[in-house]
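By letter and in written order, the chains are A, B, C and D; residue numbering begins at 1 in each of them.
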Amino acid sequence: MSSRTSKVSTALEAVVSGIRLKHPIMNASGILGSNTGGILRLIESGVSAVVTKTLTPEPREGYLPPITIPLGECMLNAVGLANPGIDAVNELVRTIHGHGLPAIVSIGGRNAGEFVALAVKAEEAGADALELNMSCPHTPGYGVDASKTIEAVKNIVSGVKSVTSTPVWVKLGYSRLLLREAGAALSAGADALVLINTIPGMVIDVYTGNPILTNRFGGLSGKCIHPVAVYSVYMVYREYQCEIVGVGGVQDWRTAVELIEAGAKALQIATAFYTKGYGIVHEILAGLTGFLEEINAKNITELVGLAHRK
Amino acid sequence: MSSRTSKVSTALEAVVSGIRLKHPIMNASGILGSNTGGILRLIESGVSAVVTKTLTPEPREGYLPPITIPLGECMLNAVGLANPGIDAVNELVRTIHGHGLPAIVSIGGRNAGEFVALAVKAEEAGADALELNMSCPHTPGYGVDASKTIEAVKNIVSGVKSVTSTPVWVKLGYSRLLLREAGAALSAGADALVLINTIPGMVIDVYTGNPILTNRFGGLSGKCIHPVAVYSVYMVYREYQCEIVGVGGVQDWRTAVELIEAGAKALQIATAFYTKGYGIVHEILAGLTGFLEEINAKNITELVGLAHRK
Amino acid sequence: MRNTSNPNIHYTTIQVIENKQLSSTLHLIRSKIKGFFPQPQPPQFIMLWVPGHEAIPMSIAGYDDEDKTVDIIVKPIGPTTRYLAAIRKDAYLGIYGPLGKPLVPSGKKFLLLAGGSGIAPIAHYITALRCGKENYCRVVFGAWTKEEIGNAGEYIQSIGAEVTTVCDEGCDYRGTVVDVYRGEDKEEYDAIISSGPPAMSREVYKHTPREKLDRLYIVFETHVKCGLGVCGSCVIPGTSLLLCVDGPAFPAKQIEKVMR
Amino acid sequence: MRNTSNPNIHYTTIQVIENKQLSSTLHLIRSKIKGFFPQPQPPQFIMLWVPGHEAIPMSIAGYDDEDKTVDIIVKPIGPTTRYLAAIRKDAYLGIYGPLGKPLVPSGKKFLLLAGGSGIAPIAHYITALRCGKENYCRVVFGAWTKEEIGNAGEYIQSIGAEVTTVCDEGCDYRGTVVDVYRGEDKEEYDAIISSGPPAMSREVYKHTPREKLDRLYIVFETHVKCGLGVCGSCVIPGTSLLLCVDGPAFPAKQIEKVMR
């Protein structure tokens, strides 16, 4: 551990599916975690674990740019799951472990069979947890497409559980089916849920009349979706009291605390690395520490699910 | 027509389900349209038609405040369908007609039978169109609850169509079921679709750990949901080429044009009346006129669905 | 065309620092602002959320930009205001605002008429009008009894105004605010602000000479639910005015319909 | 800790006003900004979207706050840049930016080394460094042939720098930018900026005395896809630096790994 990260007090420790994190803030899948340099950058930013870019069976180029549109404190993206393919997993995990951090490997297949094969390779590489991407909204065949039905959700999760002993996190997006999907994933053995992915959206250039993203539509993230993330975490926690990693619009200590009080034990950040810069992790940790002192709480776990207290 | 509104050029005329509008901008249901004073205020703002607050069979108090939370250029609300009940419809329509504008009466029932009864009363009052609220996300029994299944959507729409000759607009929210719901509404005879309602969200006060809204969760609106509205209108228009009224985050001429190019023939505004003030309608109309001149377009209908042009 | 500009309205938690009883019915509650809250101007108000209870509209009675505090003056009349009147130091509340439109008349001499909890926006006016500094302000503050006046007169005096108290017995003057007002030389003042129950403001209106009406401003009350201009609950009867965006204070002539 | 502050990055449509061929391979495209675009600083760049084609990274070569115009200098090398090179007046393009970090050295005398389309950020530097006004700038601009240099030298001169052109035949100097650089007295300059193909900047680096390295800045190129620091595609090999947020210009010492 570097001298900087060790300064973080134990009051911020978090445990998700048995994995001990020195604090609750990770990157979200899709932020940099597809090559060594990017992973180093994430580690320098102070995350407590590194989540890889979603890895697919084969390398994917993704869509041609524009793959992102800046929208103030929000963003629209359709990267198209560009990634080096599952065979890069060994190098990625090695880099993460080389810096003493847990490696959360995000994987994305088109069906249960592919998810199982990906899970096996990720486990062999030493992944500390597998994050099943069942919610990317803009890449045909993957994400929401691969998990269209409740049956599919069940099959993928139980398939993966049957071949690995590594904790399985299931990443879902907001939809009216969320509670049913969450229930299916949990009953199939998911150890934690990661909520939420981006919400479908489109931006059109008014002069040309063209949707700007090459894929025409993409996923909305950042501040715009924060209330939807809080809602999703709250509803799922209320129904299942399960382990949840909260994602969506975390951009300062307040937005972080909201998700924790809604029921999240740990958090992930994507868009705020762009809107606030790579200092965001330390800013939030300082804010969380200050808040705990201010309200006289011993540690962050006291806050988990506080919004459900009667 | 007042001297002010008559200044609007015919280039902005819009027709939805046979109703001629002097320009495309209406208020969205939920903004003021539940009493005479509120309707006067809307008329003064320059809207081309007035959409009433969703009327239910009986008067409803709605939730206790807080019923709204300001979120920068967005808002979260759980008003709980507070409204004077359908029996106020005569007075509301009379006020609207008294100023020479079309009256769009929004109605919300708990089942097909209630919707039918509401439709009959609204038609008797002289409504120019009925807007069926099948998408309010935060009032148990109503909105999304009343139209949970594709069957329910069909039954409500065909029930209403069977008793009225007034054009029927069906208001839906974004969800992964949107295309199927839209298809069901259209095949049951809907004359136009109104897209989209708010998206469920929650805001928690971090110090007390309480969700702020009395109803705990509410619906997110405004700038935050604009890309989702554009996406929804685009996808539905692509699939059905039907008549669409676009709603969601319209707050200047650009956001208005985006929805039009995605496929909307007319637009509704809720949150921007708050974030931009009641001058918003005239600001947008001036912007639209300027834009048409700038790109040398004769009228706004040239832009409808432009984003789909190959 | 009445327009409302882009509002700069924020939600923030506040934490009670002090609850000082000013009189038998008036409680001054000073709270620390825990987040961001923009500089308010009188007679702007807030929606004050009492977790576990309702959110209710409350005038801003004071604001300190440096200490980051906000004051309200509460009169208990129902469950939420009663709970507030008894609130302890360190309790958390939520507010959003500032709501409504600033309406600060210009001039050097002001007559401020306050009835009951109507004193709250008047307290804020005293700071904003620089009373006791560049300008002169006379406050006529009335209630039914001496107990309801309590120390509120002294408090108002301490922040810069000259105060006349009015009640049934034992105050500077016996009777009502309107009784005092009738005796005043309206010519002397650049502006007159009336803040109290509708019945009081109606009387003030009635006793203001026609040609002086454009100097009279009335802080009004209707039923506020959203405070943002969307729900329509606060509409001024017979008009298209919304108290929460166009008010809560109005030039008397703008609301003649409800003053008669 | 390298930090990047809250970016102020906007999308806007632009409309081509003029496409002027500067040389056989360089096209200066001036466009009107149709929306909001914040003031950029060199060597910031944009993602330039050519509807129907890709979005590609392009240096900002000029920006006029009053006329609301932005300039780029394009060298056609593939489908998108070829399409751009032939673009007509009135065509619409989309841009988002400004991207990357401003890096404007202080001083009075500057040596600016440009190879090929590397001239684009140098053009922006000439304005930002106030060349020909308070400060002195010497530009060494090289390409393979005289045709590729074309009138670009005159253009650069017209905006305030003293220019030496370098090519295989018929320019001020015969050879490469590096040949000229070797003969320069590095002591004379407060800062040296190199903007060209990686091979050129590597040679410049090699011929800079160790003790002068802290005056050398290198505008670098990697594969940019998002421009926002999220996709990771632009990482500088062997480092954790992201060209799109930490660059595109770096103090030479920061990227020694890729300069050797």
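Keep in mind that, in the parts below, a residue touches a chain if its C-beta (ideal position, glycine included) is under 8 Å from a C-beta of that chain, and two chains touch if they have at least 3 such contacts.
Predicted, not measured: the structure shown is a model, and the values here were computed from it.
The chains touching chain C as well as chain D do not exist; no chain touches both.
Using the mean of the Cα atoms as each chain's centre, the chain most removed from chain B is D.
Distance between chain centres (mean CA atoms), chain B to chain C: 36 Å.
Distance from the chain A centre to the chain C centre is 49 Å, each centre being the mean of its Cα atoms. Of all residues in chain B, those that touch two or more other chains are 71, 203, 206-207, 210, 254.
Arrangement of the chains shown, judged by which pairs touch: a linear chain-to-chain path with two open ends. In this structure, the chains touch in the following pairs: A-B, A-D, B-C.
Those residues of chain B lying in contact with chain C across their complex are 4, 30-35, 37-38, 40-41, 43-44, 53, 62, 64-71, 75, 77, 79, 82, 203, 205-208, 210, 212, 214, 270-271, 273-279, 282. Across the interface of their complex, chain B is touched by residues 71, 74, 76, 144, 174-177, 199-204, 206-207, 209-211, 216-217, 220, 223-225, 227-228, 230-231, 234-235, 254, 257-258, 261-262, 291, 295, 303, 306-307, 309 of chain A. Chain D contributes residues 1-7, 9-11, 13, 15, 34, 47, 49, 51-52, 54-56, 92, 94, 96, 225-233, 235-242, 245 to its touches with chain A in the complex.
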